[in-house]
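Right, one structure below, let's go through it.
A, B, C and D are the chain letters, set down in written order, and residue numbers restart from 1 in every chain.
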Amino acid sequence: MNRLGKFLQIDRRWIFLAILIAVLAPFIWPMGLPIVITKPVQDLYNAVDAIPPNGEPLFISIDYSPSTVPELDPMALAILRHAFSKDIRVAVLTLDPAGYGLAERALEAVAAEFGKERHKDYVFLGFQPGISAVVLGMGINIRNVFPEDAYGTPLSEVPMMEGIRNYDQIPLLITLSGTAVVEAWVIYAHQPYDAQIGAGVTAVMATDYYPFLDTGQLVGMLGGMRGAAEYETLIDRHDAGVRGMDSQSVIHILIIVLIVVGNIAYFGSRKRAPETAGGDAAA
Amino acid sequence: MRRHVPLALCFIAGVFMAIQYFIPHPSVQAWYERLLAWLQTLLAFAFLIGTVSLVRLHAHKIGHKVAGRGYSWVLFVGLGLMVGFGFKGRAPGSPFDFMFQNVQVPIEGTMFSLLAFYIASAAFRAFRARTLEATLLLLAATIVMLGRVPVGDLLHRSIPAATDWILNVPNMASKRGIMIGVGLGMMATALKIMLGIERAWMGGTD
Amino acid sequence: MRGATGFSRRTRPVGGPTIVTATLAALLLFPAALPAQEPEAPAPVAAIAPPAGVLAVDSPDDRGGSVDVSWDLSPDDAEGRVLCYRIYRSAHPDTGFAPVGLVAPGVSRFRDSAAPDGTPLHYRVAVSDGEREVFSASFGPVEALPQWFHRGRITVLIASLGFVVAIVYFVRAAKAGKDLFIRRLAGLDHMDDAVGRATEMGKPILFISGLSTISDVATIAAVNILGEVAKKTAEYNTRLIVPCADPIVMAVEQEVVKEAYAKVGRVDAYNEDDVFYLTRSQFAYVAGVSGIMVRQRPATILYMGMFYAESLVLAETGASVGSIQIAGTDAVTQLPFFITSCDYTLIGEELYAASAYLSREPVLLGGLKGQDMTKAAIGLAIVLGAISATLAALGVIPWDFVARVLVNA
Amino acid sequence: MNMTLIGTTLAALLTIAVYSFLYKDNPFYKFAEHLVVGVSAGYYLVIYYYNFIDPTVVSPVFRLRIGGDAILLGGVDWWMALIPGLLGLILYARFFPKIGWVSRWALGIYVGGYSGLGIAPVMQARVLDQIRGGALPVHALHTGQGWTNLLLVVGLLGTLTYFFFSLKHKGVLGGLARIGIVFIMVGFGASFGYTVMSRVSLLIGRMNFLLHDWLRIV
């Protein structure tokens, strides 16, 4: 085995260490790199911004679980802050059981920040199982699937829900999700009932939904922590999203360097000794 | 009874749910709403089956003194605590919420972040431009990775623009093609299940 | 093309969540609030002109209880003298009119969604300048009725029926023994080579069928491919190791491998312990399989089936021990990692096609063929659509054929 | 020491226990892994029960609380609540080998119902709307938009052709498939970049938690 081949077989824990340093350093020495706004984010922001204050509520469906919190929680907080700062009413629900605790925490925290009143300015509808059944059910009558809010108050006794029957009275519904739930909203709410759907998704899912953006099946989209950072920039309130962007920059560059160096070493070692595949692996 | 009834129920429920989409008449829609509510209930019950299986699996491990059964006890303690706390109250600040926010959220969140390390290691040791296809893929990936972080804007103004182009043109064209293909696959599977051609859901052979 | 986004919007029924309706929502809830504005002084200006051309029709494609009312705006609307339009309904042409709704100036449509079914109804539209209301002539009778068919969804119906026919026809044809052509995929040659290589090197082959259950289409495809691979390893007397993440998948795979060994008459070479259950837990599975890779140094690793985040770690370890790696999955998010770290990858439907090609299972073959034919029709529709859109854009034909056909919803 | 600090410290220690897997598999990691499986199963159980089973099945049937809740079941009598409840219960027959087959009745309705529900909307959203979105006018090739449209149409046709198995990839078809694979690879490149970004974001989020929420050094 030649030296390049050996180099490729270094203990991968050295690489783990490099990543750890790359993620930590920018937290300690922030660079404050500027963030440019992209169109899907601007579109979603505009759609929220156009909702009249103290009228029909913005619906936010917190459809994510703890495993994607770092990407999606900043989005939830930024959108809630945007809505409450403009006195837009908000109804929050979740189609993921694990979203229950996450939604409740985010909603109560931001509502307290803005001094908003439960049932007048916001309502938490809680969780209902059966994704497509819930989405379709809301098209007939929200009360069919959410007869009461998460704390047992019948929707008929929630003042802000008066006259809100189905998607016709929902100016915009934003789903925040790390799974294909987004598609369920497109297929079962937009398609049959013409509901306006916006999405915040993990970066993993983002590229798959570009066709939906193009056809207007989604009005706008936030993709990953970067999308959250853009939204934070738009509402001028920097938080976890913006704070993470410096680390993101550094790690991306590190990974690109690793790909390039790895390929050079790989092809270099093969040119000289094509049979060296193998060797002693680490870990 | 064992095969024909379930297949018939499957067929009837499937065909009804498929054709109601085209029939707005209330006599049909009322049954649609009813069936929709039933499906929702069934889904909730079906979810709990997973929990029952989990409990059985680990009870078996403890019962048969399998190595590492101590961890099965850990699992049961977690489960027992949550159920016990949960029936007492679930409001923010309750013990139930405390466990969720400080045990479930951090562990599940951290599990997936392990992958950031593995991606870096794979970047060095596995991602190879062996073929023209893989080369194209890696090139596009590099541009997108640069174009979606602030540093890309600083390196060159055209990088974010190139990223947008990749996302909006080649990415969209190919993802649209895949979306159509996968959509056909989804419909074909649904159809085969309804018509009883595909019976894997019944399990077993009797 | 961005204009295409307008199509779905345009079809929104009256009363959608526009800013106008939202601001008026409060007023609608308290219909009495508005006319209560008492005239304070006699108006010196000329009387406001009533709306003309009132038209009421049963709302199409609905479950009944709804009538669409439309009218021509009052000539005074453009001058900003109109405060609102109020819509009245009665069971009689001349008397008994009661208000049913209110819309903003500039709006000339209203959906009365509280209309009783099956009774003759009459409508009037009044225009208000804040001081008085001037009524239009009444229009009627009209009846609100539920419909038995949603005409806007006829395209979907036709397309769905076409698809059903294609799938059913080809599955039946395949079952009847008709020879359906599927092209051989390049990936299958690679798989043969990889098995051959393992034989030459005297090292085992590792087959990993993902983390999913047996009801997953991808797992079924993987099992079919495993059967074919097992036949080859039995012939060449190469060891085949299959660590499973699901006990039922394991049971099925043991059966399939055993059968394959029996088919080539090598049942004695089959070792049941080589097809075994590891664990269901994702990361523990990774740790277990990585250990096997490092210890056994397989010549070839096949990843077939449904994969999640573990794909990356597995493929990396496989690459680092120098194995030839071939993957096949329909997990779109994992495909990029397989493509860059494996020597060959079956992408999405190619996995099903490979499985159908190898197994000649009529259901798989017929389903694939039916989808293929639909795909051809879709391709044709896109070509025709692009041509007609181009001609429309150039002004050669008056409208875009595809838009008209598809957007009647 | 208040509850918030205790909670954050517990969360931080568990986070570190999971990261210890990077060094090698160890009991701390295994402890955290099993703990979370138990805790999340308990969490789901409670949430499902209180948000769904209790208000829709238990309450209407056992407390005969009709009215508000019965709306959920299509506005029918309370006994209608029994049907889905019973169907739900017979799903559990699978745990008793002798009557296991009964569970298939409920499963049949469930699997069939969900299958049927999807067909038409999927046809609309994933097929017809995408044909509409993909059939673009390809004129004005002197403009950027004209070329973009051409690329979008050709790329889409190429992708479809690549996944077309009924004919050999030769001639025009072969050419289209070659174009298709190029588009597919660039599209996958975008997914690759975004997936990397996603995983990195999760790591950053956890580091933000450790440094900002726990240690408060940033």
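In the analysis below, a residue touches a chain if its C-beta (ideal position, glycine included) is under 8 Å from a C-beta of that chain, and two chains touch if they have at least 3 such contacts.
Keep in mind the model is a prediction, meaning the values are calculated, not measured.
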Chain occupying the most central position, where position means C-alpha average: D
Best-connected chain pair, where connection means C-beta pairs in contact: B-D
Length of the line joining the C-alpha centres of subunit A and subunit B, rounded to whole Å: 16
Interchain centroid distance [CA atoms averaged], subunit A/subunit D, Å: 13
Gap in Å, rounded to a whole number, between the CA centres of subunit D and subunit B: 3
Per-residue overlap in subunit B, given as positions that touch at least 2 other chains: 18, 21-22, 29, 33, 37, 39-40, 43-44, 47, 100-101, 104-109, 111-117, 119, 121, 125-129, 133-134, 137-138, 141-142, 145, 148-149, 167-168, 171-172, 175-176, 178-182, 184, 187, 189, 191, 201
Interface hub residues of subunit C, defined as touching at least two other chains: 4, 8, 153, 156-157, 160, 163, 283, 320, 332-333, 336-337, 339-340, 348-349, 375, 378
Residues of subunit D whose C-beta touches two or more other chains: 21-22, 33, 37, 40, 43-44, 47-48, 52, 72, 74, 114, 117-127, 129-134, 153, 156, 160, 163, 184-185, 187-192, 194-197, 200, 202-203, 205-206
Contact set on subunit A toward subunit D in their complex: 13, 16, 19, 23-24, 27-28, 30, 67-71, 73, 97-98, 100-101, 126-129, 132-133, 136, 143-145, 147-148, 150, 154, 183, 186-188, 190-192, 202-204, 206-208, 211, 214-215, 217, 223-226, 240, 243-244, 247-248, 251-252, 255, 283
In the complex, subunit D residues that touch subunit C: 21, 25, 33, 37, 119-120, 123-124, 127-129, 131-140, 145, 149, 153, 156-157, 160-161, 163-169, 184-185, 188-189, 191-192, 195
Residue ranges of subunit C in contact with subunit D within the complex: 1, 4, 7-8, 153, 155-157, 159-160, 163, 181-183, 185, 281, 283-284, 287, 332-333, 335-337, 339-340, 347-350, 353, 368-369, 372-373, 375-376, 378-379, 381-386, 388-390, 392-394, 402-403, 406-407, 409
Contacting residues of subunit A [partner subunit B, same complex]: 8, 12, 15-16, 18-19, 23, 33-36, 38-39, 65-70, 98, 101-102, 104-105, 108, 128-130, 133-134, 136-137, 140, 144-145, 192, 203, 207-208, 210-211, 214, 226, 245-246, 248-256, 258-259, 261-263, 266
Complex interface listing, subunit D residues touching subunit A: 22-24, 40, 43-44, 47-48, 51-52, 55, 68-69, 71-72, 74, 114, 117-118, 121-122, 124-126, 129-130, 132-133, 187, 190-191, 194-198, 200-208, 211-212, 217-218
